[in-house]
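The following pair of complexes shares a single chain, chain A, combined with chain B in the former and chain C in the latter.
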Partner chain A sequence: MNSQIKTRLARIWRAIALPLVLLAAWEAATRLNPVDPHLLPPLEDVVARGWTESRNGDFLTALLASLGRDLAGFAIGALIGTASGLALGFLRPAQAILGPTLRAHRQIALFAWVPLIAVWFGAGEPGKIAFIALAAFQPSLINTWRGVQEIPDRFRELAAVLTFSRLDFLRLVGIPAILPAIFTGLKAALIYAWQATIGAELFMTIAPGIGGVMMQGRQLFQMDLVLLTILLLGLVGAGFNTLAGLSETLLLRRRTS
Partner chain B sequence: MARAPHFSSLSLQTLTLQGPAALTADQHAALLLGGFHPVPAGDALVVEPWVVDQGKQEREERDVTRVDDVEAGSLDRVNLIISDWVGEHAGRLLLGLSFPLVLFIIWQASSLYGWLPDQILPAPSLVWQTLQDRISDGSLWDDTSISLLRVLRGFTIGAAAGLLLGGLMAASRRFHDYLNPLFLAVSQVPTLGWVPLLILVIGIDEGLKNILVALSVFIPVTLGTYQGIRDVPHAYREVGQVLTFGRAQMLRTIILPAAVPAIFTGLREGLSNGWQTLVAVELLASTEGLGFQMAYGRQLFQLELVIAAMLVIGLIGFIFDFLLGRIETHLQRWKVAA
Partner chain C sequence: MTDLHHASHLHTPHLHAVEDTPAFEATAGTGRNTVLSLTRVSKHFDVAGRRVQALSDISLDIQEGEFLSIVGASGCGKSTLLRLILGLDRAYEGSILLDGEKVKRPGLDRGIVFQEHRLLPWLSVEANVAVALRRSKLSARQKRDTVRWHLQLVGLEKFAEAYPAQLSGGMQQRVAIARALVNRPRFLLLDEPLGALDALTRLRLQDELKRIVRQEGITTILVTHDVDEAVYLGDRIVIMQPHPGRIAGILPVILPHAGDDSRNRSDAAFLRLRDHVLGQLGVGHGDIAIQAAE
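Showing the complex of A and B:
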């Protein structure tokens, strides 16, 4: 027991050692050797700024605006992507006709769509959401599609032996077998959508949101604001990852039990 | 050895045998009953079909059929087989091309009848013209080579750093415990989130592109390398220990080959990430390169420039993916198909 606590403590120490060193170096750099405070604001200033911005609700507003945009795009893109993945996987004609095009479409770098989308949907809210949806579409499509293709043949044969109808096959065999793949896709889609949200906020018109705050910080040369927004981005990313992991284990628990 | 056919392979059997080498009703019945099948003279179906796996079996059947038919001199059937093959592949190609073709026709029709103004959707001929112009005056090649050089530079830095960090984290538990939390924290931030910070600190020159591309390559490569090496089956390592391999030999002959798939997944994702990031950064802060061309075209409302650049970007993405895929299969040639 005692040794367990010891190893636990050692692990925690190892996890925070490097960040602590970096913070100390930051503090030392701002105190001893006067680096341009514009480039490296003192630690306490950043903390103070963070406190005021959170108290007056600016961060919360920006965060909610970004999250709303992100989730709207994610919902649209992931829904279409997963549905198309299922269609492509289960319907041979769809796969034969659409498969090569969708595979080729994947090769075009996501951000290369920004100018086109900005012209077609406008650089305002619809354009941003369309771009985020496109980002979420690709991974959910590809993973679902692959999941269907990788249903083991013996499952299909078993279903054939038991003379399942198409619907029963989907319900009892197909969907459970591809659930993990769908989740992998949704998880990737969540992360892509978040990347795209930041991209859209930086590339298209300035709108309320974390990207907007970032651009403001950059234009006004307020390093503390920029640093805080990066922290915020990281926290949201970590939050998404935790959430995705949790819901995945919850929903897939049935499989292992 | 006549293994009793189990149900699944039998049903496959009855399906596949209805092809060119279809059996008579008697033979069919015999097959269904006991796995016994009298082999008529000249028929080369001598393998116990349900003992071989499906793919192999189909292959063998096809080969056998072809040889058999040529010997029998039945030209009709040869023709049939060839046309079958052509039909199958050409059919797939045609179906695959049909959708882009339909899109293209709609696009063409739209420009022909003026459904959408040129500033929203330029005519295909205009895009083609732009591509040709930009190829012949060399500007397309200039932009492409600048972008390619940038992405290769960033990729080299990021991949080298990622391989190193991933390898070290896999090699030393202590190292991993110290560095992993910080690495995870950094990887949570979308790459583009660093752009405003980096612009303030180092400006918008080449350094910005190098760092951002390298960072977006670095994260998946580190993860892939770490997981790949960590997950090398213990049995493999034991083989090395039994053979008293030294560290270098162990790394070269056992660990690296076994970790290749995961490392390559990382490298592939890294290259694709790096390419994405580069295009984004060029859109945002650059005065040359393919991404800049797109931003320029957008500002002038010359979407033909944008679409032409998109085509080149897609082509390069395709080539990257293809090349790394080829290298990966080459490095995995030791793997025997299960």
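Showing the complex of A and C:
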């Protein structure tokens, strides 16, 4: 037991060592060889800024606005993406008709869609959510599709021998077999959607949100604010990742084979 | 074919498929009907533009209640043969008749145990057996009872709630056997079911298979590359040779049963028969084997 805790502590220590070193380097850079504090404000300024921003509540409002937008886009994109992946995998004609187009679609950089989406959906809220949804759509589609293709032949054969109906095959073999792949897709979609959220807030119209705060910091040349938002973005992303990992182990716990 | 009469104490070995030999009558008893009949079955695959003959001219009659062992080296098409009987593959020449009807598709009258257990890792032992009853007309209660009964049959009633990953290899394969039997099929097809198990577990499961098959009175086809296993379990042994897969001989197994139906593996007659089969496969001892392989 004791050694288990020890190895755990060692792992945490190794994980936070590099961030600590970077913070120390930051601190050293601002103190020893004074970099222009306008370009790189000292660490304590950023912390102080975080404190004041969180007290007046604007920052929280911005964060919630971003998260709401992010989750709306994620939900739409992941739902359509996963459903299309299932259709592509299980329906042969769908695969023949849609497969090549979707593979080509993958080659187009995500941000290349911004102008088109801005025109179609407007640069306001619907456009932003459409863009986030597109970002979430890709990985959930691709992973689900691949998951269906990778259902082991031995299970397909078993289903044939047991004369399963299509529905039984889906329920007893298909869906459980591709669940890990769907999860991988949703996890990637969560991260892509969060990136797209900030992208939409920076490149489309100003709206309440973290991206807006960031733009404001840039325009007012408040680097402490910009750095603060960057740190926050990383924290939220890490939070998403942890959450997804936890729910995956919880849901798929029995699949250790 | 060369002289194999050193084994003449076993009745004359039949080097070609011969149906209803007197020797067979002696083992299988009288009044048994042919329930599965293969006539001139051939099967080829197209591999990278080349035609590979997997099975050539297989003719075989299987009697009701019989335990037939098919033995051969890998690549002799014995597993392909089972796939055809299962109805998983319909592209072949010749005919496969089940009670006089052509096999068209898989059916619950044929249960199969594969070499890998093929249990669904996300279902419990009980649920893994129960999936075979999806198409059954039994009531929910009857299904529950028959699943439990079959788990008892393979000695795993205490592990009903366990998941496949929590079981040993031998236990996993026993669950697969229960799943194959739960529909009370007329045929039990075994595709090297014990091939992936350790030697001790394999011996134990051979006895268990024998007991179960006797108890259920089910017609069984066992495909194996283990000659010892084929002789130990079979009423008849079909010897197959590769390139192309064909029947090299069919031997009846007439061995005394020691006590409760199990054959004595160290018995002289057992060893002679085993060596004879090995000889026909071309892997026996000394000149017998070499002659037989020619």
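List of remarks:
We take it that the second predicted complex is superposed on the first by the 222 of 257 C-alpha atoms of A that agree within 3 Å, B and C clash if a C-alpha of one lies under 4 Å from a C-alpha of the other, contacts with A are read in each partner's own complex, and residues count from 1 in each chain.
Going forward, a contact is a pair of C-beta atoms (placed from the backbone, for glycine too) under 8 Å apart; a residue touches a chain by one contact, two chains touch by 3 or more.
Since we're looking at a predicted model, the values are computed, not measured.
In the superposed model, A:Ala133 lies in contact with neither chain B nor chain C.
Legend: residue contacts after superposition of the two complexes on their common chain; A:Phe155 is shown touching chain C, with no touch to chain B. After overlaying the two complexes on the shared chain, residue contacts for A:Gln107 are found with chain B alone; chain C is out of touch.
More residues of chain A are touched by B (comparison of chain B with chain C).
Once the two complexes are overlaid on the shared chain, A:Ile178 sits clear of chain B and of chain C alike. Looking at the shared chain after the overlay, A:Phe164 reaches chain C, while chain B stays out of its contact range. Of the two partner chains placed around the shared chain by superposition, chain B is the only one that A:Leu39 touches, whereas chain C remains out of contact. For the contact definition in use here, the residues of chain A common to its chain B contact set and its chain C contact set are 154, 157-158, 160-161. Residues of chain C touching chain A in their complex: 86, 88, 105-108, 110, 112, 114, 116, 118, 120-123, 131-132, 134-135, 163-165. Interface of chain A with chain C (complex): residues 154-155, 157-158, 160-165, 168, 172-173, 176, 254-257.
Note for the complex: chain B touches chain A at residues 7-8, 11, 54, 92, 95-100, 103, 119-120, 174, 177-182, 184-186, 188-197, 199-201, 272, 275-276, 279-280, 283-284, 291, 294-295, 297-298, 301, 303, 306-307, 309-310, 313-315, 317-318, 321. Put simply, chain A touches chain B in their complex at residues 11, 14-19, 22, 39, 93, 96-101, 104-105, 107-116, 118-120, 153-154, 157-158, 160-161, 194-195, 198-199, 202-203, 214-215, 217-218, 221, 223, 226-227, 229-230, 233-235, 237-238, 241.
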